[in-house]
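Next come two complexes, and both contain chain A; in the first it sits with chain B, in the second with chain C.
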Partner chain A sequence: MVDSKQQWKAWIYLAPAIVLLLLFTVWPIINTVSMAFLEGYSGLTKVGGETTFRLGIGNFTRVVGHPDFRQALLNTVLLCVLTVPISTVLALLIAVALNSIKPLQKALQTIFFLPYVTNSIAIGMVFAAMFNVIGSIGTRRPMIVSYGVVNDIIRFFGGNWVNWINSGSEYWANMFVMVVYIVWNALPFKILVLLGGLQSINKQYYDAAKVDSTPRWRVLTKITVPLLSPMLAYVVITGFIGGFKEYTSIAGIFGENMGPAHDAGRMNTMVGLIYDSLEKDNQGGASAAALILFGIILVVTLINLWVSKKRTHY
Partner chain B sequence: MSESIRTMHTPNVKKNSLRQKILRPVGLGGVYLFLFIMAAIVLFPFYWMVISSLKSLAEYRLSPPTFFPKTILLSNYAEAFTTASLGRLFMNTMYVGLVSTLLSLAITIFTAFAFARLEFKGKELLFAALLATMMIPGELFTITNYSTVISFGWLNSYTVLIVPFLVSIFYIYLLRQNFLQIPNELYLAAKVDGTSDFKYLWKVMVPLSLPTLISITILKMMGAWNSYIWPRLVANDEAHRMITNGLRNAFTDTTGDVNYPVQMAAVALVSAPLFLVFVFLRKYIMSGVSRSGIKG
Partner chain C sequence: MKIVLKNLTKIFPSRNKKAGEEVIAVNNFDFTIPDGKLIGLLGPSGCGKSTTLYMISGLQKPTSGQIFFGDDDVTELSTENRGIGLVFQNYALYPHLTVKQNILFPLQNLRGEDKMTKQQMLERAYEAAKLVQIEELMDRKPSELSGGQQQRVAIARALVKMPRVLLLDEPLSNLDARLRLQTREEIRRIQKETKITTVFVTHDQEEAMSISDMIVVMKLGVVQQIGKPQEVYDSPENLFVAKFLGTPPINVFEGEIKSGKLYIGEAAVLETPGIDDQPVHVGIRPEGFILDDNGPLKCKLNNVEVMGRDVSIVSTHTASQNPQVRSIIDADNKIDPDTEEVRFALKPHKTFIFNKDTEERIFIEEK
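Take a look at the complex of A and B:
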């Protein structure tokens, strides 16, 4: 039996956390859900006395019906679907390669971890500089002062330069730059987790494969990937969760415009949409959008868990 | 019997080892080539940031570009420092980072201790409920917290940047796991000697969990340094602005004919502290990160 003195003491230790959690975690859950389902109610108007509100899904239908929402959802889903597989496969190849070498392993490992300790906004500005074209583009006879280093490299290999992010650029070009940046940013964490997993795989499997002189590719697909599947599931799930919450990398490259100069807001994401509604004092819409985002993340995570349970070998 | 097996397999083994002798170095060379190319791609933005920050504007606009500045221009850094008033931003961010780290550490230690060592009704249930909230995206909290801090009159203050994020369930979870590894006998022995809980926590558990506490400190400081969305919403005034917001505000144009050398110098100045932390405390960052999946 727990004596009451210890009970009392435990709650004292817990008190600061409990107070803060009630205020900034529990209350928001209740209030945000209420705001999403109550039309005409908001956490701000509540203070100002008389309000009328009724239960309904009006906030949801209004948000879903808005063209900005469809654009943001499309952008977010595209970014996830493109960046998660690319970064996972690349990270797996790099981790396997790192695991198979001895000299320089530590040094290369450090280099591959570097993008993790960066500021998304700051390095986004570097990527913008690398893809930016200086000159008058969009006119009939464009005068180009500098194509930017990425275009210079493409031109060096005989390709044509592309208007990546400047005014007048195309959607797919913007998307390509975002995918490159997000993959670059996502690699370190995935490599770290996968390399950790690789180093804990029993060497006997590889010795057996060596005796049978199994080709490298078969070793990778039949031994490494199955034994690594829990870690792969982990990086895919966290990758999707992170992907659905993407915002700062886009603000880094395109600025607060969230798009090229001629079409601001084109690259906006779900999170960006939530903050936009919030700044327009549309708390109901923001809450509904946040709940939709939560729903999507939950469903995607459950699907991932279900797939990985079927495919994962422990 | 064994003799015959050996002779049966000898030619095959020989052939294989011959094949391996030729293929292995080629394969290994390929592995190194792949890693070097990938490493070059990963490093390129950093390289571009540094060399661009040292060029004159005229040289930066050259096409094809120079891959090493012809004349090294350090004045870009001075200009960046004043344009973005980085000094003020740096002080703001350090203040918010240090205060929130200290308070957060204290709360995390007390809470983790209660969950790891003390007994109270509903302990398991409460802990499970806390872990469940980790699944909810932060934006859901932000919406209500935004109106909460407005009604508290906290807009444009340091408080608004510190208080809402003091409790991190993840850090509590991390530290509780660490506390649980400390044998119970130590606690009971201390009790017999009449040591108070608080003294035991402070003298035994905290020192034994130092690596985890250092990881938490680094991640929390990096979080303050990289925070962008919340400060933009609630404290984007001159006096309280955080460094990432300041950087973004000072250089609003990312495309077009921008003074990139100065912009890159500012970016380098903002990135430098992160690199220093990384160089000296890599071990703690990597161990914290591999368990979290949280950026900053």
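Take a look at the complex of A and C:
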């Protein structure tokens, strides 16, 4: 216990952190909430621009009613629903495989971890190059300079090339590229967490399983996964939170258009919507969108926690 | 199912390559474990007893030598295919499964013609649970059980698939003293009922002696002696075995053979015809002393502990290798705790002579 006479010392030690938190976290949150509920807030005048200072839910109705909102919400939810399960299962399999081999384990671990320390815009550009088709597409006589690495591979095996991300591309093709990119980008962190979890499981459970002639698949599903369930829950929850905040990956591939050239904004996400609103000097709308996103993440996380409490075992 | 161990050897390569010192955990273990018997592998830690057990289980591969279950050579057979039951020292119960699910687990792994219906599995699981008396705990998780109960669940899980061989690794070490006594009787009872050839590992000689049909005493990877517990106790083949078995432990003296007589200090305590003159170790079991006013062995009396059934006399002797000489005599003998000196005669069959250098037993010819 801190001596009450010494308490001021404790406060001094805490002061830098508290000041920074108040300034850059608490105050912006309060500000966001107040801006979202102020009618006609303008960043220039600081007060309701239309007539008077007035509270209301106009920002929310306008954001929800905005033509881009539904698309952004759909994109965000779709990305989450597709990428989180895929990346979690892949990460689990890779982590189990990594854990079961002895030679090169450290080297492979490093390779799998590289995307984590690489700038996501740079990765996005690399991905864009892999999927980019350069030339004139869709004209009567297309002039194509490069099909991109992925199409080269498809053509090598005799398939038809696909317009992944360029003007005139289909929505599913755009979504496919995004899912591949986000899954790949999400793997390292998940592998790291799961590998750590795997290495802390007592080897005796596996010896016991061996004695009981347990088939490999059953060892994975009945022993490894349940014993790893706290880690899996953590990975899924953070995965969903990260997924709902997806933005840079899309900007990295499609640029600030947030979509192929012929249909800008088609791949926009919730966070993209917030940035768009800010660019249009619509802080009220951006704040409202941010609060809506916060609400969605909160609900999804609560559901996740509720499910994981039922499914994790200890 | 008898288990045959043929020249079984396990060498662990040295971790430090420069030092190049490999560890011979088990050295040339040769033994046939008879069918349906309970065998105790006994020795201090690091003697290779657990390694031997794990080689029988298949979790560790022998460096050389062979293992047979009955007539089948299982040396190269993986653990999965050996059909053994193993109870781990820490039980290794799956923490996320209930007791019932834990016991069912090995049955659910059965494939092919051994595959059972759900009903059959449940019946077998309850049979096993009944054997170890945990039927009322079937829906609990392992974390909700006491150590003794976990132990029983582990045994039930090992027994449920009717293994050819049951292996127990220090099965009682995590239990408190009372539970230990109770559980070892349980193990004995279960083994008798199931008649499964059982090998268990322990460092507690009392435990091994009390329930085993045969014990194997090991030291530094080398088998010292194999036999029925009483035989090994009554006739140890070397000083290590003599010292390791028995509570209170055997009393060891410096002695000498001179012209057919065994001397401890100045006193000739025993006739030893036909043994060459040489310095020796003399081991005398605590119950090998006879209180005798004219006895040859004179000790300085420290104190007398009365324990009801018998009396423990604690004394000292200059030739003793232990700080104290502890003898146990019948409580009918009266001894005055204030006397300075206490004199003993020795029972010849409780007195063992060992070579000074090799520490091997020198047998006295029966007259």
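Convention: the second predicted complex is superposed on the first by the 301 of 314 C-alpha atoms of A that agree within 3 Å, B and C clash if a C-alpha of one lies under 4 Å from a C-alpha of the other, contacts with A are read in each partner's own complex, and residues count from 1 in each chain.
Keep in mind that, in the parts below, a residue touches a chain if its C-beta (ideal position, glycine included) is under 8 Å from a C-beta of that chain, and two chains touch if they have at least 3 such contacts.
Computed from a predicted model, the values in this text were never measured in an experiment.
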Chain B versus chain C as contact partner of A:Val149, first or second or both or neither: first
Partner chain in contact with A:Gln204 - chain B first, chain C second, else both or neither: second
Partner chain in contact with A:Ser287 - chain B first, chain C second, else both or neither: first
Which superposed partner A:Asn160 touches (first chain B, second chain C, both, neither): neither
Touched partner set for A:Thr238, first chain B, second chain C, both or neither: first
More chain A residues in contact - chain B or chain C: B
First, second, both or neither for A:Ser213, with chain B first and chain C second: both
Which superposed partner A:Leu227 touches (first chain B, second chain C, both, neither): second
Which of chain B and chain C A:Gln7 touches, first, second, both or neither: first
Doubly contacted chain A residues - partners chain C and chain B: 213
Chain C partner contacts - residues on chain A that touch it in the complex: 202, 204-205, 207-208, 210-215, 218, 222-223, 226-227, 229, 313-314
Sites on chain A touched by chain B in the complex: 2, 6-7, 9-11, 13-14, 16-17, 20-21, 23-25, 27-29, 31-32, 35, 42-44, 47, 90, 93-94, 97-98, 100-101, 104, 108, 110-130, 132-135, 144-147, 149, 152, 155-156, 165-167, 184, 187, 189, 192-193, 196, 213, 216, 234, 238, 241-242, 244-245, 247-248, 251-256, 260-261, 271, 274-275, 278-279, 283, 286-287, 290-291, 293-294, 297-298, 301
Sites on chain B touched by chain A in the complex: 16, 19-20, 27-28, 31-32, 34-35, 38-39, 41-43, 45-46, 48-49, 52, 60-65, 106-107, 110-111, 113-114, 118-121, 123, 130, 133, 135-148, 150-151, 163-164, 166-167, 172, 197, 222, 225-226, 228-229, 233, 244, 247-248, 251-258, 260, 263-264, 267, 270-271, 274-275, 277-278, 282, 285-286, 289-290, 293, 295
Residues of chain C defined as touching chain A within the complex: 57, 59, 78-81, 84-86, 88, 90, 92, 94-97, 105-106, 108-111, 143, 157-158, 161
